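Okay, got some structures for you below.
Both of the next two complexes hold chain A, though its partner changes from chain B to chain C.
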Partner chain A sequence: MRKKTLLFLIACIVLLLLFPVFLPRFYVYLLSIILLYGLLATSLNIVLGYGGIFQFHHAVFYGVGAYSTALMLTKTAMPAVLAFIVGPLVAAALGFVLGIICIRLSKLYFGMLQISLGSLVWAIVYRWYSFTGGDDGIHGIPIPDILSSYTGAYYYTFIITAVCIFLIYKIINSPFGSALQGIRDNPVRSEMIGINVKRHQLLALTIAGFFAGVAGSLFVVVDNTVFPDMLFWTLSLEILIMCLLGGWFSFLGPMLGAGVIVALRTFVSTYTVYWALVLGILMMLVIFFLPNGILGYFEERFKKMLIEPEIKE
Partner chain B sequence: MLEVAGITKSFDGFKAVNNAHLSVEKGEIVAVIGPNGAGKTTLFNLITGIIKPDSGRVLFNNEDITGLPPYKICRKRISRSFQIVNVFQRLTVFENVQISILSREKKTWNLFAPSKRLVVRETESILESVGLIDKKDRVTAFLSHGDRKVLEIAMALGGNPEFLILDEPTAGMAAEETSRCIDLIKRLSKTMGLTILFCEHDMEIVFGIANRIMVMVRGSTVIQGSCDEVRCNEAVQNAYLGGSDVCLM
Partner chain C sequence: MDFIYSLVPPGVLSQVFVGLSRTTILFIVASGLSLILGVLRIPNVAHGSLYMIGAFTAFTVTKVFGESSTAFWMALIIAPLFVALISLIAERGMFQFLYEREHLMLLLLTFAFSLVFGDLVKLVWGGEYKSVPVPVIFQGFVPLFGGLPFPIYNVFLLVAGPVVAILLWLLTNKTKIGKIARAAAVDREMVGAVGINVSWVFAVVFVIGCLLAGLGGVLVAPTVSVTLGMDHNLIMEAFLIVIMGGLGNIWGALLGALIFGITQSLGILVWPQFGIVFPYLAVVVVLLFRPTGILKSTW
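Right, the complex of A and B next:
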């Protein structure tokens, strides 16, 4: 059983590594985007699916991570490596600060306050022409040579995403992850068994901010641009839908959701400008028929297949 | 061990707990009884810090713990179970108890150790002692009500308490489950030396296992004393039996 999963994983990795060899440039680019959106959605799911915190404006951390990286690359002469480290750290710091303010509220109220504070950050980025380039964003960001080719960017994205997903997996399955899931299910009870609920939630928000920032810095590498739409609330909604669509109680659900949505946006939008309509209908179908998301549904089926023979005996 | 003095809490002018007194000595089993709405659960919530009192004090081992947040009170080795089942629905029986132990050992800040392999033996020994070991991999949402009530107690035990508060431990249980649960409570008191405070509506259980009983009516303490004292107290009879001169039980 374990061996099979491992083999499957290795096959996936090999396949993903080989893609640039035979796929045209456009698809390699698309795959990079799917990977980094997958990382972004998975980072949201740390707090959403595992933490039960309604982080409605997650794109802010993605955007801030991307902008910090981009600004360091364009405006300073510091080594590029530093920019890729500082970006996520700034996003984590912002996650911490917004977290401290919002964590006093719970459930939907948390989400509402978070949307408004996040929009404030968006407004600053959007208006501060002299520093962030305002609604033009920043273009032609100088990227280190190894990463500037499309295959280089792809491999970089792939490796960083894989490492981050692995780290997130470790965190979810650590004692901290267990405590976080306990808090999601029942904050009152968690507090009663000695868990400082708010502090654990705050750490989760900071971690989620960090990984969103990593996804942002990956976007800088893949696309060489940043723009204010990256921290607009509509993108947050899209990330949220990725989690729900793929399955927010499955570890790889958000990744799958990201794949589906990015593919939809790319391919359906060549036929119609109303691609969001297709997404909306799909979303409704998922909510009605697969309340645990696509991957959640298959996991359930799989579990049943394992359990049923036992019951028959 | 526990000393509650003149504690009061009102909600929108309604005095849920009004000048209640309670004392529990080490090793005792004390029951709190009273009609519905007497403020028993509110009293427990006040002791465990879930709500803060308007006035009065709670002393535990001569230390003032009034108004501390629940997680700090838990670290003083006071654990409780809830009247309405309050477990982690999406997690397994094993994980429910495990989290409680991890939290006591302050391991919940550990980000990278796989929790699957931590405190396994201790978790299993607790599940063994409460009789849930066969169901350890079940997701709690699919557990029977009685099992979930027992799981409540198991989680409370995960905190390695000296002092255990049980809020209606047998409510809603079938007869057989009830007797098993009572055996468990007796065993906890005898073999582990736990001090237990509980409330319960079933008088047979109360008089069967409690050393002393505190009676609450409309938020106030009527009397705290031995079973016999309580049984023949006039005020208690008034509250329960409308003033007839028959002794309770």
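Right, the complex of A and C next:
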């Protein structure tokens, strides 16, 4: 079983590495976008699926990470590497600050306060013309030569995403990750056995902010632009849908959901301007018929198949 | 009055009151949101879309009735009822099956509705700017605040806000359905156990909340250009007001709307570029001292 998974993973990686060789430019670009959205959705899932925290406005960290990277690249003469490190760090810092303010509230109250404070960040970015470019955003961001070609951007995105996903997997399966899941399932009991609930949640929020910031810096590499819509609340809810669609109790669910939604958006948009209508209806169907997401559904089926023969023995 | 003017210039006062009459609309929308949040625990993202539908319906109705003076009053009746009908269908058709599930699902369902409504509005009314004429009797200005002209329609809005607040208070405190709804907000199962059909109480509360969104849409229509995307900013502002005032508290929504309006209009005077940031800062300050809002939440 484990060997098979490993083989499957290696096959996936080889396939993803080979794609730019025979796929046209547009599909390579699309794949890069899918990968970075997948990372974004997975980072949200650290707090949402594993932490049980209603982080409604996750796109803020993605946008702030992207803006910080873009501003470092355009406004300063510092080495580009630094920009790609500072971007995620700023996002993590913001995650920490918003976390401190919101963490005192629980569940829905947390989410509503968080979405409002995130909108404050959006309002500042949207209005601060002299610094962030206001509603125009920043275009034509200078990218280091190795990354400026579309294949270079793809390989960079792929490697960073793979490393980050691996790190998130390790974090989820560390003692810290277990504690986080314990808090999700029973906060009172976790407190009783000596876990500092708020501190764990705050750390999780910071980590999630960091990886969202990484996704943002990847977008800068792939698209060379940033714009205020990247931290508007509608994008946050779209990321939530990605998690829901793929299955937020499965590790790779958000990745799958991101892939399905980004691909679908691209193809539907070529036929009609009413993508939001399609997405809305799709969401309603998922909410009613696939509450555990695509992967959750298959895992359930798969488990039944595995368990039943055992019962017979 | 001269004493007041020596403290606050009439220009500033006029600006603040224009701002406040805009917040009346925010209050009406936010009170509907608060009602739904307080009783049904749904953070209704589609509320902004219903407000937008209200405004667009007002455009169509005023167009049908032409320039006659009744056009606006017809819009004021028809548009909220139309919005209420839509929300009734949505509630009976979908929301009622999800009350037992996680609130996240309800939030995402309202978001799905807001996406669908947004595109349906685009489909029906198109993407162009629409304008609704100010009703004939409210056209013109009155000299207020040291003789500065103040739009009569804004006076009407300033009166409409408190009227809605009082009506809502009467509804929730003096009528049977209001009392049941407040009881259901505290303990849904117990209310069901004493033989009350909670499902229909919820439907009524949901529809009344959405009707208020539609009403806000009609009232705002003559003062702004009715356009797609007018829902997106409004819903965040309404959320802020509700959080600031305390979830589910009607008077909290009124207080929140007042704070929001004053900080916004003063903020724009002080620092035009970042005027919209001040209400957000006000929310942060309020919540640092009172994490669950100024007034008592029903939760």
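One rule holds in what follows: the second predicted complex is superposed on the first by the 313 of 313 C-alpha atoms of A that agree within 3 Å, B and C clash if a C-alpha of one lies under 4 Å from a C-alpha of the other, contacts with A are read in each partner's own complex, and residues count from 1 in each chain.
Note that a contact is a pair of C-beta atoms (placed from the backbone, for glycine too) under 8 Å apart; a residue touches a chain by one contact, two chains touch by 3 or more.
What you see is a predicted model; the values in this text were computed from it and never measured.
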{"item": "Contacts of A:M283 with chain B and chain C, given as first, second, both or neither", "value": "second"}
{"item": "Which of chain B and chain C A:K303 touches, first, second, both or neither", "value": "neither"}
{"item": "More chain A residues in contact - chain B or chain C", "value": "C"}
{"item": "Touched partner set for A:R25, first chain B, second chain C, both or neither", "value": "neither"}
{"item": "Chain B versus chain C as contact partner of A:H200, first or second or both or neither", "value": "first"}
{"item": "Chain B versus chain C as contact partner of A:K75, first or second or both or neither", "value": "neither"}
{"item": "Partner chain(s) touched by A:L244 [first = chain B, second = chain C, both, neither]", "value": "second"}
{"item": "Partner chain(s) touched by A:L117 [first = chain B, second = chain C, both, neither]", "value": "second"}
{"item": "Touching both chain B and chain C, residues of chain A", "value": "none"}
{"item": "Parts of chain C lying in touch with chain A, wherever the complex brings them together", "value": "41, 43, 45, 94, 97-98, 101, 103-105, 107-109, 111-116, 118-120, 122-123, 232, 236, 239-240, 242-243, 247, 273-274, 276-277, 280-281, 283-284, 287-288, 291-292, 299"}
{"item": "Complex contacts: residues of chain A adjacent to chain B", "value": "170-171, 173-179, 181-182, 184-186, 188-197, 200, 203, 249"}
{"item": "Residue ranges of chain B in contact with chain A within the complex", "value": "48, 50, 69-71, 74-75, 79-80, 82, 86-91, 95-96, 98-100, 102-104, 107-116, 118, 155-156, 158-159"}
{"item": "Chain A - residues contacting chain C, complex", "value": "54, 56, 101, 104-105, 107-109, 111-113, 115-117, 119-120, 123-124, 127-129, 232-234, 237, 240-241, 244, 273-274, 276-277, 279-281, 283-284, 287-288, 291"}
